[in-house]
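Take this structure, written in structure tokens, and hold onto it; I'll ask about it next.
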């Protein structure tokens, strides 16, 4: 275990958000058991008051999750000099396998919390709160995820021994490696591009169609496309986008983008991708809720907002990714 | 019909030794543009009835209808929006925030709404002008005289252009001349089309020509319905 | 968005209206942040200082180990190491610690082989003759000596030796040279009574840093009784020590933070009758619980950010302008001649992020539940008071 301030901050923050979520799911459970929309008892009023607390606990939890995601990557980057052979964040994450798992859980937790907050807002717009039960059931699932995040993080950091010799970016992402990420790097840029550009094109076509049509099927297609596009985009960042951004033919690290040295370009890049993905999921998720009469008008109204936000997010991502390909002197693929 | 209640009851601390039935099966109707005085001794349930009619609390049983819509089971955020958009309140104590300026005090109801700060300010100033308070806009509420505070409280009730103005013992802390001022303002509002609901046991009010109807409460029940 | 701005403005006005309560809270909060911030800034500055210093160190140092004890190394080992492919140069070094009973301090004595080389940060010259030496600023200060003065040291035979000071290292390189005395290698050998065939250790310069680990293995293979230490290993050790030190001090400061959070909780719970009345009015005239919670959140955020700004600036001034007077006693333990801090004012965005996360998040979390408790005040309260 390393007594590093960043690690203490992360563990403390995770502990705090677990506590907030435990409190929230405790309240959620009471609501699930006792809620009676037709009653006007004082108990029902107290339950209604509790929904406010849950919303704001979850909002806080989502905020923590976003900041702690950034802090996690920054910390992993900051402690890499403790590991012989680690040249960037990847080296630290590779020091024990839990590192990648933490990142995965953090990503999941972000999407889960964000979706919860958004659907909670939607539900609160209606007078009869039709999503009340699914909402608080989902909350009971998010809490264990946050707990998993805390324990994984703890076991990752406590399993870090500064003398472990780890591979650095160069060897992790080298073509000979066996781990998952080296597979991604082994994805030749041409293949990655052949996947990336079509899926992005499909995304744009679908989003524009959704903006013109109310068809639910289009929204389900968009939902699937966005998920596929998200993972292909991550693969593409490692495979070729990072190469263009770094202007180096073999530097695949997806985290160095977040460094001051690269003008923190990774933040808008990932924010665009995550935001575009999140809001691209929403129309598909909300479409089956159209049958609730109290929600349908709100969904129609929000649907357009979501599509536009998604479109803006993806465009920001794409613009940053494409900029060096189009305008920088570095070329990866020779013409011909 | 603007407001209607059906067998409206409110019981506090239900099931506990200190259980209190504040209101018992009250059914009444209020028409648009009416001016009604709500009379009865203290403890008869006037304030409880007003708070139910004004969307501030929910009945234990029975229904409240506003503009044809049942509001007794609405979630809190919708009740708050109704209060903000359709009701204006004048409290027994003026209930101003002492160290806020007059204009800030009367802007409070509109802050959570959709109007821009400029629009709120403009509306606030026009209400203050209407009540001869425009020159006091920047002063703190606690620096004003009792009569001025009363008018600020009215201005705050008016800023949202309410359909219904609800006043709870508005003259309890006023002397004779201020009571007259208040009644003049209320008459003007009524002439402008507002519905008035005034809880009072001040004869100066319920004998005023402005009042078209008096409802008397006794121990939480309607004593009678008197037409003037 | 518009709505939030209006609520933010209201919250700001609310904070200024309740000045007394909030200023006290702000000061305690800022003080806690300043304490945590000082620890972070100081250790970070020390760490980067150490890193800069080590930039000039050899890529690898080879020591001889005999039964686990550090032993003098035969000079012939340098030839063996120099022949390994990838090694640019292997230089035997002679150095040792010296305890001066007069001033009760440890010095580091080191031999120089090439007196012609120019060294940055040195006033005067490197020692050329056997009775000359160059000293660090700490030693010059402790004896009150300047260039040309003499320094008397007791050698291995118990005899007093007089050295003329030919140069003094400037304060700029203090962390490395503070307690250093340089003299020509033959003179140092005579002083320590060392055999000419041995040295203290061997400094190895390696062309390609990626080969350090491989070369370390090779050195161990050819010379099994040696211990190669790479520069990055020293760096890790430094980093670990600094992390550990800052972690310790951090733990103490975190206790202060927790104490503050309890205070914040208490303050947030114990709202005045006036405030409660105000919230009743807000609710009555059309605010909902969420609106009230929003202004409470904004109040908390404004307070946190102001405290953070004040606390961070205070910490920065404390560490980089005043030289961290409140923290040096804790760090000083390990050396009598502790190098004075001429810390480079570095501010790493990462440190700011850590500090912000550590101090703002708990405060906001602590005020969440009390804020909710006040926010659910029934609107009809306003009619009954």
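Residue numbering begins at 1 within each chain, and the chains themselves are lettered A, B and C in the order written.
Basically, a residue touches a chain if its C-beta (ideal position, glycine included) is under 8 Å from a C-beta of that chain, and two chains touch if they have at least 3 such contacts.
Predicted, not measured: the structure shown is a model, and the values here were computed from it.
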Of all other chains, the one whose Cα centre sits farthest from subunit B: C
Interface with more contacting C-beta pairs, comparing A-C to A-B: A-C
Central chain (by mean CA position): A
Whole-Å separation of chain centres (CA-atom averages), subunit B against subunit C: 64
Length of the line joining the C-alpha centres of subunit A and subunit C, rounded to whole Å: 34
Chain centre separation in whole Å, for subunit B relative to subunit A (CA means): 49
Touching two or more other chains - residues of subunit B: 76-77
Subunit C residues counted as touching two or more neighbouring chains: 289-290
Contacts with two or more other chains, residues of subunit A listed in rising order: none
Residue numbers on subunit A that touch subunit C, as the complex places them: 2-6, 8-9, 12-13, 16, 19-20, 23, 49, 52-53, 55-57, 60, 64, 67-68, 70-71, 74-75, 77-79, 81-85, 162-163, 165, 260
For the subunit B and subunit C complex, residues of the former touching the latter: 47, 50-51, 56-57, 76-77, 79-81, 83-85, 87, 89, 91-93, 95, 97-100, 104, 108-109, 111-114, 116-117, 120, 156, 160, 168
Residues of subunit A touching subunit B in the complex: 37-38, 40-42, 45, 48, 124, 127, 129
List of subunit C residues in touch with subunit A within their complex: 39-40, 213, 230, 232-233, 235-236, 239-240, 243-244, 246-248, 250-251, 254, 289-290, 293, 297, 349-351, 353-354, 357-358, 361-362, 364-365, 368-369, 371-372, 375-376
Footprint of subunit B on subunit C - complex, ascending: 2-3, 5-7, 9-10, 13, 17, 274, 277-278, 281-291, 378-380, 382-385
